[in-house]
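Residue numbering begins at 1 within each chain, and the chains themselves are lettered A, B and C in the order written.
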Amino acid sequence: MTVDGSGTGVARPGASVVAGRALELLDAPVTDATLRRYLEGIPGVDAVGLEQRAAGLATRSIKTTSKRLALDRVIELIDLTTLEGADTPGKVRSLVAKAITPDPSDPTCPRVAAVCVYGDLAAVAIDALGPFHAPRARAAGATGIAVAAVATAFPSGRASLAVKLADVADAVAAGADEIDMVIDRGAFLSGRYEQVFEEIRAVKEACRRPDGEDAHLKVILEVGELVTYDNARRASWLAVLAGADFIKTSTGKVASNATLPMTLLMLEVVRDWHRLTGEKVGVKPAGGIRTSKDAIRNLVTVAETAGEEWLQPALFRIGASSLLNDVLLQRQKARTGHYSGADYVTID
Amino acid sequence: MSFLDYAPAPESRAILSLRPSYGLFVDGEFVDGNGPAFTTISPATEEGLAEIATADDADVDRAVAAARKAYDRVWSKLSGSDRGKYLFRIARLVQERARELAVAETLNNGKPIKESRDVDIPLVAAWFFYYAGWADKLDHAGLGADPRPLGVAGQIIPWNFPLLMLAWKIAPALASGNTVVLKPAETTPLTALLFAEILQQADLPPGVVNIVTGAGATGRAVVRHPDVDKIAFTGSTAVGREIARATAGTRKRLTLELGGKAANIVFDDAPIDQAIEGVVNGIFYNQGHVCCAGSRLLVQENVHDDVVERLKQRLTTLRLGDPLDKNTDIGAVNSAAQLERIRELTAAGEEEGATRWSPPCVLPEAGFWFAPTIFTGVQTSSRIAREEIFGPVLSILTFRTPQEAIAKANNTPYGLSAGIWSDKGSRVLAVADGLRAGVVWTNTFNRFDPASPFGGYKESGYGREGGKQGLAAYLAPSGGIR
Amino acid sequence: MTRLAVPKTYKLYIGGRFPRSESGRTYEITGAGGVFLANAAQASRKDARDAVVAARSALTGWSGATAYNRGQVLYRIAELLEGRRAQFVDELVHTEGLAERRAVGVVDTAIDRWVWFAGWADKFAQVLGNGNPVAGPYFNLSVPEPTGVVAIIAPQAGEGHSLTGFVSAVAPALVSGNTVVVVASRSAPLPAISLSEVLATSDVPPGVVNVLTGSPAEIAPWLASHADVNAIDLVGAGDLDWVQLQVDAAETLKRVLQPEDGPGAPVPTLARISAFTETKTVWHTKGLL
């Protein structure tokens, strides 16, 4: 397993290989029944213990040099996101500018990992990034910023598979480097695991590009709608089995998003998957991470669960918008020694 | 630089100002002790923290006399509601001085600041709050109307949770109307003496609580004093046995909270990540200096390898070092003597053929340290499976069936606590029924609450601390039942 | 012409059987005026050992029975005693030398105490146990459980001690599910042995109650120091070196009740039940997610 130099993803097997591996693990054809047997055979989650472990990780005190390191790392892991019905090309260009130059007062400030937009605005984002767009930057030997597009009838996922695949194909054709798809929560909750599996697999197939630069697939579980940790764990395994490059907590569009226990749980899944197969799958908490403190708690959780090597854009992202400015304020404090203010960071 | 090399995040010692020396606290005042003073140290650095007085027989006699006088003249005449108000005051003062107490506890005991700050001291306050409310409701304690206090309670506490054990002893004693002579552990007297200052701030009547510092001889003087009506002891089974002999034939009431060798039973359907956390918390919490520590891991044989692998992986993230650092998970062993005992028993474990493993771990030069250690391939006959090590050492054994798990768990003269990890409710409850242990944690471990009774079966002692049951240790029914 | 009576042989009661002492020893039981009444078995330390083994093996079943069932079984003893009132009255008259009217009173009291204790079997846990409102997401329940094997030195003196005193010491230990090894009155063991015959024909499982006759001074130290005995009730040990017995008991931290005397001792109280129980507190996580 190799990590590509772009920082945009990990080489995972193609869709047909995935199906083969699932067959091997399930020791049977992929059906609702075999998936159910496999997923329900995975040990359960005790909510109290999980939340206590997350709370324990949250008490880590990250100070001085560690904090400076952590703040920069957080920025490098951000998928700077705008996902509003009111998004316009202007808004996306502004977001991209912020992604390229998070803090105009400090040239040492790192850039974010990606911008995340609706599929119809992916082309705008790519255009605005210009030479900073990941593939172009990579060709020039630099690290760029990827464009992630949400797809598959985001955020509800309530559309036919044909529509969802067309949604994905559009974004991929527009040059999106990463596709953030949503699973069909209705199908999952009604036990149609095979449908969820096949959708992910089909989307993964739709992420292929003739040039071989496949879009990486992040699978949004929308844990706020799956509600229980057991569901979230099963959905995580299902997504990984089906070929997800990343598993992502949330759309940011429902009441409960990326809680630390949920992120911890998903990190445990990718850690276990790595133990089982040697493959590394990424995790992306998204929605609700607004402060540096929250973000650093996520870093601690990553480092102490999956391991420090997961703290790279290929394996961990934070989907956020307002978080970036809070990190910048903290960074300025660390640099200057005094507290900064909202007027000293830019809005996008 | 590795992100996991968290930069030092030490809790400030500035909040704590210790006096150079402390006397005994008798009749509301600090007084000199007749015995030779000794230096109490930080086990993490071996630096001296303060000079501590030693109480000899005459000092203990004075303390008991003060307690008797306070009992006869003041405390037994006070209304329950007023006793309760004093306890509420104490609880609030503990909260107000919580950080200072946490720093003192960590310095003197060696436990991580995150534990003293987040567990010990908050529980101390909770214990006083809980029993404060009982003081005027003793008719409802289950001992019939108008139960009477016993008189003067002699209390001897250990070094593993110094201030918390003090709270476990003093709060129910005072709520029930008894007065107290308390002896803190020789190596950890500091927070008890800070607590004496709190009693002064609370304006508690002189003599209601007296604190006598010293070693074993001081404790023996308390136990043998003829005017003490009640002995409450927490510590080793060996000393508990000695106290039970010493009080035999007397009318002294006795409660003992002694050692343990708890089984933590992991079934193959356990919520595995939480079980690993529970196992780690069970034995590495407070450096394993916990009488109810889950020191025997009984793991179902079919998941043994997986559990051990996960456990090892988890142990590599434990951080051992400066107890005052907020990120420290494993602090210092409390004393050179305890360290020696841990070393001896772990050496015996290796000699008996068990396989020893510790994560890579750099131990500080000064102070008393022991790396978290697990033993696999342990047999029920091994010393490390039978004797209380009281350190960060886990012995791993296997079982095949629930019946075997229960039998192995119960195969010990101890019976303080046990843990069960399984997703199957009916089996959990049935196994809990079968365990001969006073506290059974299912899908959790090492949880404490003032409302929850704590105490052992068999050689882990008798009587309960906490809850309604904790009052029975300090009250007699007015009907005169012994 | 008078009929020649058939005297009864009084033996030990161990594990539901009526063995003679393994030592082969007996001692004479005499009534008022030194009249020979019977030879009773004089138990040895090995009999005590066997009795502890029997009690230990009976523990799982008896403590595992439902509380309702234990209550029924104990109540059944009262029913059987009621049917044998005349026999017990007769034995009390002869052994303790009571007037018949007083002996009737003793038997009635003994039966009534069985009934009283039997009724506690499915209630004491509700009175002594409780749910605990801990500050966290936990179900937390405390319940009293039997201590285990309880050795009892039954009352040795006082009017009715040989029956009412015996019953009042044994019944409370049984209520919670303990099994007992009881040393009967040395001077008046006959009611205790007859009671064991009642137990043998009742629904009390073998080994739940084991009755030794003989010298308490000889047997008690072996019970007090026996590592497989969990508790010792010294209610009738006032004339023995009971302090030493308590010291011996400390070796394995046995629960000890000190001697109690006075008329009607031991007084039937809930405290006698709770004395040989252990509070077990079970925590379980509560999580909706």
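The definition used in the following text is that a contact is a pair of C-beta atoms (placed from the backbone, for glycine too) under 8 Å apart; a residue touches a chain by one contact, two chains touch by 3 or more.
On a predicted model such as this, the values are computed, not experimentally measured, just so you know.
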Farthest chain relative to chain A (centres taken as mean CA coordinates): C
Write out the two chains that share the greatest number of C-beta pairs in contact. B-C
List the centre-to-centre spacing of chain A and chain C in whole Å, with centres computed as mean CA coordinates. 70
Taking each chain's mean CA coordinate, chain A and chain B are separated, in whole Å, by 45
Counting only Cα atoms for the centres, state how far chain B is from chain C in Å. 37
For chain C, give me the residues that contact two or more of the other chains. 136, 138, 285
Multi-chain contacts only, two chains or more: what residues does chain B have there? 443-444
Identify all positions of chain A at which a residue touches two or more other chains, and write them in rising order. 46, 48-49
Residue set of chain B touching chain C in the complex reads 126, 142, 237, 240-241, 244-245, 248-249, 256, 258, 413, 415, 428-429, 432, 435-444, 447, 449, 451-455, 457-462, 464, 467-469, 477, 479, 481-482
Which chain C residues qualify as touching chain A in the complex? 136-138, 285-289
What part of chain A is in contact with chain C in the complex they form? 46-49, 51, 227-229
Which chain B residues qualify as touching chain A in the complex? 1-9, 114, 118, 269-275, 277-278, 309, 317, 326-327, 423, 443-444
Considering the complex alone, what residue numbers of chain A touch chain B? 43-46, 48-50, 52-53, 59-67, 69-70, 73, 268, 275, 299, 303-304, 308, 311
